[in-house]
C-alpha cells in the first residue's frame, strides 16, 4: 500500500518533468472573502425583489411549487394546507431554533404531529428522529441560500437541521426570507469562500446540499419520472412583505 | 490593367486519380473569375491518410516532397477541407524543424486555401454565374467545418446561384462515416453512419448533395449508387463551374 | 487476446440490434438537443468552458500541492485519507475497512471510478453485498450487465425488459411503466439505504482549499448514501481535485448543461467529512481514497489532456461511432471517444489496438467537450504509438510503409495509377466498381467505388494549360 509520501513523490516527479500545455491559472478568488460576502449581501438587500421573481421562475421551471406569505405567522397555515392535501398526519421539521419558527402550537391542534430535530446528538434521540423522518410524508426545513439563477435551495446541515428532513419524506417544504436570496452561482462561491474563511463556521455542518427541484431520473427509456429516492415534491415558502 | 491573381492548384490524390473532372471544373471556374491558374507537376498526396493512421515518419516524407513544389506559389488552392487542414494545421508541426523545408512549410500553410475560402475570403467573390440548375443540399465536411472553422462560405456561394435551390440538410454537420482508413477498417460501422446521412439527404428531396471534400463525396456517392438512388454527390466546384466543366 | 480485439465483432452485433439502434438514436439525439439549447441560452458558457479548461491545466501543473492540501483539509475535518497507487490498493483499502468495521452490505451511488476497479465483484467475493442505487445502475446490476453510457447506464434496455427484470428479482409483477418501476425501485432501495453499513461513492470534484468532496446527482441516492450509513467511502481519481470553491462554481455552471442540458443537477452535495456532534444524520466515519491507477503517468505523457475529463458524457452523445454501436461494443469501463483514451491510460496501448481506430476523427467530441479536450489529436498520437511499439499488425505496418513510399514518389504514384487502371478492368460495371477482392472488398461490400480515371488530372493538365 503506497504511503502518502511515496504517492505524492511520484506525482511531484511527473509534474516537474511535464511541460504544461499552456499558461493557466485557477479562477481568481476574492482577496477578502468576508468583505466580499458582506458586499454581496448589501447588493442583494437592494436587488432582492428581482432576485425573488427570478427565483420563482426558475424554481417553477424545475417543478418546484412556490408560495409567498407576508409574515412568519402565516407559514403554518400554508404547511397545514399541504398536509391536508396529502392526507399527512405527521411531519418532521428542523428544530425551531434553526427553522425560525415552531410549528407545533399551530399544527398539532389540527391533528398533525410534528417531530422536531433534536440538537443534543444523543443516540436514542437520533434514532427516534431518523425513524420519524423515514415515516413522515412531509419534511420542513429552512434554507441558507436561495439561488435565483437556477431555482436552487442551499442547505447547510448541522445540529437541529438534519439532512433527512429534506431527503426522506416525499414532500419537502423550505421556508426562507429575503436575506437568503442570491442571484448567481458566482455569489454562492463568494459566500462559500467566506464560510470557509471563518474558522468556526467552517466546521459547522457535515454537508452542504444544493437542491434544484424534486428528485428525478430518465434512466428508463428516457422517460422523466420524479421522486426516485429523494422527494417527489419540493415547496418553497417565501416569507416577506412586498 | 490589374495584375491577375495567381494561384497554384494542389489537386489532391483523390481528385487526381478518381475525380479529375473536379480538377477541370476548378481550373475553368478560377479562370472565368480572372485567376491565372498553374499546376505544379509531380504532385502526389498531402500525406493525410498516412498521418491520420499514425504513420508520421511516412507522412513527413511525403510532406517534404510536396512542400517545395509550391515554393513559388502566391496562393495554393485545394479542393478539399481535409487536405487544406493537413497543410495549414499539421505541416508546420510535422516538418517545421526540418532545415530544408521548415520555413517553406510555414509559408505554405499561410498561402493554402480550401476552394470556397479562396473564392469568398481571398477573391471576395460571392456570386458566380453558372448554368447548373436544381435543388441541392450541402454537407459540412468535418475537417472544413471543425478543423478550419468554415461553414458559411460554401453556403454563401451556393445560396447566391439563381438557378439553384439550396435546402438545409438535417444533420449537415454530422460525419458521413468516411474518416479515411476508418471506412475500410470498420466498414459496417462506416456504412451505418452513411445510411443515416443518406436518409437525411433523401428527406430533403434534393437531386444533389454538395461537399467540399472528395473523401466525403466518394463515401456518399458510394452509398447512393449502391442503393440505386438518382441523387448525385457533387463537389462545390462542379456546381459553380456548371456544364463548362464537362 | 485482449477484449478490444473483438471490437469488430461486438460492433457488428450492436449494429444488428434494432432496439439498441433506435434507443441510441433517440437518447443521443435528445441529449444533443438538450445540451445545445442549454448553451444557446447561456452566452457566458463559452468563456466558462475556457476558464474550466484553464483551471484543469493549472491544477495539473501543481497537482502534488493540491492533493496534499485536500488531504490535510479532509483530515482536519475528521476524515481519513488513503493513498491508492493502483486499483488493487483501492480495492484492498475498501475490503479492509469492511472487514475491520463488520460491513455486510454497502449501498453505492453511481461511480465510474468504482467500475474501473471492478469493486462490486471484489466485495461480493469478500462476502459483502454491494447494492447499486442509481436507478440505471440498479437495473444493470440486476441484469448482470455493464453500463452502456456514462450517465444513462441502462439506455439499451426497454421498459418491458426492466419490468421483467424487476418482476423476477423482486418477486412481484410490475407493469412496463417507468413511473411504476421507479416507485418499485424507490421502495426497495429505501430499505437498503436505511440498513446499509457503508455508503460508497465516487467524487466529481474535491476542493483542495476546504477538503470538500463534491457529488453531482439527480436521484437523491448520492445524498442517501452519504447521510444514512455509518461509514462513507469516496473513491476519487487524483485528477478530480480542484483548487477552490470559486473554481467549483465554474465547473458547476457548465457540467450539468453539458451532460443533460440542466442548469444544475437536482442535487449537488458538498461533503465535509463525517457528521458533526449534534447532527442526526451523517456518517461516523468518512474515508477519501485518492486513486492513481495509471493517471500520474500521463501528467508528462501524451494523454495529459484526457486528465481534464469531467465524465459528463457529452462526447458520447455526438460521436458518430458511439451513436451507432453504444457503450457495450467498446468492451471497456469507459466507452465513447474519451473512453478510448481512458482505456489506454488505465490499461496501456495494447488495450486500444483496435479501439484507437474506432473513430472517423470528425472532431464533434472536442467541439462539445466542456473542457475542450482535443480527443482526435490524442487518438492520432495513440495510433502513432501503436506503430512505434509494433502493436499494430505487421501486415498493416508494412502496407503503410509501402503506401508511404508510393505517395512520396511521383514515379511510383504514376506507376501505381497505371497498374490500378489495368487491374480494375475486369471489375468495372456501368462505370462503377461494385465488387473488389482483398482489402478493397471491405469497401465494395456495402458501397460502390468510382474506378480510377482513364486519364488522371495530371495527365489532362496539358489539355488545359
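Going in written order, the chains are labelled A, B and C, and every chain counts its residues from 1.
As a convention for this text, a contact is a pair of C-beta atoms (placed from the backbone, for glycine too) under 8 Å apart; a residue touches a chain by one contact, two chains touch by 3 or more.
Just so it is clear, the structure is predicted and the values come from calculations on it, not from any experiment.
Arrangement of the chains shown, judged by which pairs touch: a linear chain-to-chain path with two open ends. Seen from the C-alpha centroid of subunit A, the farthest chain centroid is that of B. Per-chain Cα centroids separate subunit B from subunit C by 33 Å.
Mean C-alpha positions place subunit A and subunit B at a centre distance of 55 Å.
Under the contact definition stated at the top, not a single residue of subunit B touches 2 or more other chains.
On subunit C, the positions that touch subunit B within their shared complex are 8, 11-12, 15, 320-321, 324-325, 356-364, 366-367, 380-387, 392, 400-401, 403-410, 413, 417, 420, 432, 434, 439-440, 442-443, 445-453, 455-458, 460-461, 464-465. Residues 23, 26-27, 30, 51, 53-55, 57-64, 67-68, 71, 77, 81, 83-85, 89, 92-93, 133-136, 139, 152-155, 157-159, 162, 178-179, 181-183, 185-186, 189-190, 193-194, 209-210, 212, 218-221, 223-224, 226-228, 238, 242-250, 252-253, 260, 262-283, 290, 292, 296-297, 299-300, 304-305 of subunit C are the ones touching subunit A in the complex. On the side of subunit B, the complex with subunit C involves touching residues 11, 13, 15-20, 23-24, 27, 39, 41-45, 47, 49-59, 61-62, 65, 142-143, 146-147, 173-175, 177-194, 196, 218-219, 221-223, 225-226. The touching residues of subunit A, when paired with subunit C in their complex, are 1-4, 6-8, 10-12, 14-15, 17-22, 24-30, 58, 62, 117-121, 125-126, 129-130, 133-134, 149-152, 157-160, 162-164, 167, 185-186, 188-190, 192-193, 196, 202-223, 225, 227-231.
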